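Take this structure, written in structure tokens, and hold onto it; I'll ask about it next.
For reference, chains read A, B, C and D in written order, and residue numbers begin at 1 within each chain.
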Amino acid sequence: MSTIGAGYRVSTAGESHGKAITCLVQGLPSCLRLTEDDIQPQLTRRRPGQSNITTPRNEKDKVQILNGINEYGVTYGSPISMIVHNEDQRPKDYGNKTMDQFPRPSHADYTYQQKYGIRATSGGGRSSARETIGRVCAGAAAEKCLKECYGVEIVAFTSAIGHVKLFPDTKEYPCAAANPAFNTLIDNIDRKTVDEFVPTRCPDTAAAKEMEDLILQCKEENDSIGGQVTCVIRNVPTSLGEPCFDKLEAALAQAMLSIPATKSFEIGSGIGGTTMRGSKHNDPFVSKTEAKKPVPKVVQESGAYLTGAAEVNGPLTTTTNYSGGIQGGISNGNHIYFTVGFKAAATIGQDQFTATYDGSSQGVLAAKGRHDPSVVPRAVPVVEAMAAIVIMDMACRWIGPSRLRDLLIAHYEAEDAKRPADGDVAV
Amino acid sequence: MSTIGAGYRVSTAGESHGKAITCLVQGLPSCLRLTEDDIQPQLTRRRPGQSNITTPRNEKDKVQILNGINEYGVTYGSPISMIVHNEDQRPKDYGNKTMDQFPRPSHADYTYQQKYGIRATSGGGRSSARETIGRVCAGAAAEKCLKECYGVEIVAFTSAIGHVKLFPDTKEYPCAAANPAFNTLIDNIDRKTVDEFVPTRCPDTAAAKEMEDLILQCKEENDSIGGQVTCVIRNVPTSLGEPCFDKLEAALAQAMLSIPATKSFEIGSGIGGTTMRGSKHNDPFVSKTEAKKPVPKVVQESGAYLTGAAEVNGPLTTTTNYSGGIQGGISNGNHIYFTVGFKAAATIGQDQFTATYDGSSQGVLAAKGRHDPSVVPRAVPVVEAMAAIVIMDMACRWIGPSRLRDLLIAHYEAEDAKRPADGDVAV
Amino acid sequence: MSTIGAGYRVSTAGESHGKAITCLVQGLPSCLRLTEDDIQPQLTRRRPGQSNITTPRNEKDKVQILNGINEYGVTYGSPISMIVHNEDQRPKDYGNKTMDQFPRPSHADYTYQQKYGIRATSGGGRSSARETIGRVCAGAAAEKCLKECYGVEIVAFTSAIGHVKLFPDTKEYPCAAANPAFNTLIDNIDRKTVDEFVPTRCPDTAAAKEMEDLILQCKEENDSIGGQVTCVIRNVPTSLGEPCFDKLEAALAQAMLSIPATKSFEIGSGIGGTTMRGSKHNDPFVSKTEAKKPVPKVVQESGAYLTGAAEVNGPLTTTTNYSGGIQGGISNGNHIYFTVGFKAAATIGQDQFTATYDGSSQGVLAAKGRHDPSVVPRAVPVVEAMAAIVIMDMACRWIGPSRLRDLLIAHYEAEDAKRPADGDVAV
Amino acid sequence: MSTIGAGYRVSTAGESHGKAITCLVQGLPSCLRLTEDDIQPQLTRRRPGQSNITTPRNEKDKVQILNGINEYGVTYGSPISMIVHNEDQRPKDYGNKTMDQFPRPSHADYTYQQKYGIRATSGGGRSSARETIGRVCAGAAAEKCLKECYGVEIVAFTSAIGHVKLFPDTKEYPCAAANPAFNTLIDNIDRKTVDEFVPTRCPDTAAAKEMEDLILQCKEENDSIGGQVTCVIRNVPTSLGEPCFDKLEAALAQAMLSIPATKSFEIGSGIGGTTMRGSKHNDPFVSKTEAKKPVPKVVQESGAYLTGAAEVNGPLTTTTNYSGGIQGGISNGNHIYFTVGFKAAATIGQDQFTATYDGSSQGVLAAKGRHDPSVVPRAVPVVEAMAAIVIMDMACRWIGPSRLRDLLIAHYEAEDAKRPADGDVAV
């Protein structure tokens, strides 16, 4: 099955070199204003060919919404399917004699052949990173809804390439969450800023430079390198997530580890946090008034905010946030943040000594396709998409589609009320 | 919802101080020999009161299977419910004036109250670690089935307490998977050995000593400390796990992050692996014959093994195993291993300055209940249980209940054939 | 799997002669007042041994809620498990030589043996009508919630035994829905009235007499007879049910056909309705004000009603109700009603010529157990339970647990406000 | 949600006048030969414009498989999405002043508006019968797989139009299942024969004539009429269906009642069967050998049949089949048959007195669109599709994708073995 979510349910289909990638989403409430323009920017951010350190494969990756919205771009509350055609298919590039005989090491060729008795003969089929297009489509739709209802903001960035880390654990700061610079960053970072640091998407000039150098070095050596992406989600209402198996961090962990090439997930203080004592690691509560953390303007002014107040507006916040915005599996209203590790891409431009599918002989596989020396920078919008899907799923499950619809209607009414009436002169 | 799994579906209920913990499992095939004796040992390993470093709360934690098996202890293929009564309830211990007014920092009190408008007034209710009893019941049942069908072995152990790590990342070994000592350990470790290292359950004399000292120091200081648990699953058939969202590592990540107090999940080489180059990190394939890794005896002899051969018996293995036994989200037949991080327990024996539920005032919360200075050693069987649940779930989804039933029948027929007939003399 | 529902999720376990029947429900909102007293009455109505036309098996069928509620009987919003012990097990009654060799015709013995390779050797195991105890528990809990939130009323009654029908189709009334007497009945019928007609539960003196005679005649002849149950659900809010596969009538159809021994399901005008022309069968809309159908008092006064107004309070109703309260798969606020057909019980007190399990020989099976000549009257509370489960499931999916919790809180506050304060004298 | 099935999972999207209908199916095993040619015939049978008694709307309804199969038309085992473009959209036809103000009686306009706060302004949107295209696509794919693995045959036909019934209940034959003519028909009927009776699809010359006359009369009177469709499924392996809530007949009931305009579902003997005594209604078992019912040739010869024998090849059958091939919710290997009732189409060519959406005024609605006087004949392939989806779903859940894959491989190998080798001359 290629489906995620119980409230916001996303199903995708599509191999790397077929006709199209399909994304079918369910659970998006009615009365949401949604068009291709809400989806395309994140697809474009994910697109290959953006810089000298990503694969030169050129795909326009234009999304088309086939149904579920009316002629004015408003959702019906019914399922929405989106497709992105594969335009730049060059299966021949991948097909070489050795690739037909040898499963690529640490790729999915062998396990797919073993499981299905058949495999896509080029480009990795369903296991290709091109599959993530469906995730980005579904994530962008979710994000639009979350923004309208609650002012949710989701921003991811590269926090490590190989051994180069933006916030390495130190004695003073056993985890990034203990580091004031990290907290300032996740309070303020936005996507525009992150994209100023393309190609690495690491929002720090020095670290970005060091990372870029490392990636280029790998590229020259026909090698690849892994890294980490950190993501923050702001303005999440309280009460999202379920006790027991569907804790919010568990859902995020599944979502992130389902992205190709991922190796690790850390919520809040993460592994560094496991080295701390409870007395330091616990996050004391404080009333929001005292914390002088005003509700973000965009939310305050939306009108919708007050309608959903019961969910959003817990009286407390915490003075530290080692918990990463989640306690007992449920959002507490503070920033949710986490870090995802990615391995070095399995496909490299080097000869590899390995075995044939049937184990009858050993030999050398020489890969030829177009590949990224590091998938990390392009994974940034994918991580954001999966985060949006999870938060939206939990919102659908807890808030319910009827209340989300009401929040949207209230939001748009509040927006419309702020506009000058027809004939009025806006000064 | 408190349900996990699509093929092997586990639902649990029960607060820390109610009448009982309930576990209802579905998907277990018919014809499995299963009694309370298969469940109890893991419950006993999870039980508090085992040593001077765990909570002195005394619970017999005796499991009772209410239905789903016949009078000879054979499963019908219908749902099975199990209950464990709560015997040693002392709600008064927890109730003190400040605990009624203040949500405990980094515990679930505040988020539960916010979400549900009600909370258990003692012991953490549904968020208590006592909830994990249901997981252990379901895991033990799954494990029995996996062992009979495929000879699956699941062993977890403590790999870190605070900053004390069993296999720290080094220049030479950027991740444990690069360390021969680690690989030898996961090839051979069993539960009996792990339990020789109670109270820490870290199977290394030196490291265990250092960990125990650290825990005792925390206990004296009325503080708590986190750590990590590493788990290996051996003899998993190939082909388990789904592409896209239900990758095997994604399912494991969700399962592990759903355990209370977890902060991180790493599959295979984990975060250390993200610092490696592709050329080093890739796992070359080699035919199983050449690898001279014979199928484990218990499986070879079971008879059942050959019946399920198509699933189990891929021709290849890998010379290294940075992938952790999973490629493209699907098991490749090699050891699956992963590491889970646990934070320091939130409830400590120290005064904590925090805020009241409604934010109206700040003050000091003094906790009094019985609690573990480190939850890590007792988490070991819980990690094993969740691993068993996930593998069983994926087996049910892929192999199907009809084929699992056939494997079981073949297994027991093979076992019976090996026994001396009635009246025979075994020499 | 023995689970139903996506929002209100019910799982049951338990064979007819094991230790207990278990019911685990999820999705019930927090802040609902719920105790065993809310569950027991429907269990008692379902209980065998109520009259001379039901099986004399004597079961107290006392329900016990194990968890999910606090000491004051208020739900936590977490899963709730309930058990009913099997007290009067007499497996020997069923076991006779022929029953071990012959699968009972039209019972589940053969298909269970075929599917599972094992079967309960007495009483039908999981296929026994005793399994419906779990349904009744879950239904009663759902019903309590629906009543508090929306004033929902669910009443079922026997509408046919064999060929004796309460509202037979005629030229004038091609379906019951065309018959004013039927409409008056479903406007007003309550359970107390239905139970005045025990043993048949057909609320019409003449028809009930004829039905009872027919059942007794079957009993004397060691035979059994089928029949039909009609059920009405009043005060269902609009908007419940999903387009496409999860239409409200589709969910009801599944729920009803999952009850043992059912043969048919008809929504609204049913099969009779299929003979009518569109011009007659269409239900014209009319504003509620004009229809002078006031909101039922119990709902009006609840206070909760207004909170959920957006869902409940559509401006229109229909002048006829051939649709049965559902249009396009979604409730329109009018009465939902449907009819379920039950076959004659398969187990009869007559010799039956049939084949052995393995087909090796033919012979005579003589059944001996205690059985009902007609299951229909006892099916009445089971039909009500399944109806409650479906409506609750759709309410959870659409309204959402957070809004249901708010409705409950508002309802209880409104109730409390109506009570005289302590010390006041109620005149 | 617009998803059905747990093992074979079908999701659809698409309004009547949007860009396309989308169908995304999951669970189809790998190694199935599948192309558009397997899907198109059933779509064409469903297509409007086939005769003088169906709507003249002209749609080519050409299906396109976007992904999930390779270039030779073999499934990968990954999700498959299919789209059918809407070519002949004439929204203006439907839009008339009164249709914007008045919800059409007994249509979904009012409930959609109430639920979603928005509705498709033309053609019924998601509630249009055009939605069934997605069902037919998914059903045809399922059917191909079932045929290859087990020789399953699914044939539906019109069994009633209005009061004209093909097999009316009589004293002698209280249900169709008691009528030898009915049993002969369901033993032998195929689609080719059914289509010889287009436009009614009732495979009996006299009844078909009477039905056609009735439909034409309704057409002339700008009215509509309902009816019934009976469907038989042959060669279903034993063991499909789950005890309790997911009984095979319950799944069929949901599937059928989810088809637009349905009013009733009867399994096996149906409502007529409820009037029979147990002693007559019970189906005695008999060994298959004695029953001299050979396995159908197409299955016998397939080779695949024997591989799946454990599932398929129960030793018994029944001498009568009032049960409709299902006992205890599980298939017993005999024919599965059921009947579905359809109401008269709600949209008629007559003035209708009704109320405006907001209830502010009453008035006359004059419909203008193109509509069928009876939807029944065109519903035939839709019923077949839903039947295929349910059987496939239960096969996936019980047999499992790994075993289905093996059945397919065995089937094609057996087929290939029967072909003359290249260069051979076939005499």
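Operating definition for what follows: a residue touches a chain if its C-beta (ideal position, glycine included) is under 8 Å from a C-beta of that chain, and two chains touch if they have at least 3 such contacts.
Owing to the predicted nature of the structure, the values given are computational and were not obtained by experimental measurement.
Within the contact network of the assembly, the step distance from subunit B to subunit D comes to 1. Pairs C-D and B-C differ in how many C-beta pairs touch across them, and the larger number is found at C-D.
Subunit C and subunit D have CA centres that are 28 Å apart. Rounded to whole angstrom, the centroid-to-centroid distance between subunit B and subunit C, based on C-alpha atoms, equals 40 Å. Of all residues in subunit D, those touching 2 or more other chains are 1-3, 6, 12, 78, 115, 126, 239, 243, 398, listed in ascending order.
Considering their complex, residues 1-3, 9, 11-15, 18-22, 24, 26-27, 30-31, 64, 66-68, 70, 74-81, 83, 115-121, 125-126, 402, 405, 409 of subunit C touch subunit B.
Interface residues of subunit A, counted against subunit B in their complex, comprise 1-4, 6, 10, 12, 102-103, 105-112, 114-115, 126-127, 131, 160, 162-163, 218, 221, 223-228, 238-239, 242-247, 249-258, 260, 262-271, 273-279, 281-290, 314-316, 318, 322-323, 326-332, 341-348, 350, 352-355, 357-360, 362, 398.
Looking at the complex, you find that subunit D touches subunit B at residues 6, 78, 239, 243, 310-311, 397-403, 406.
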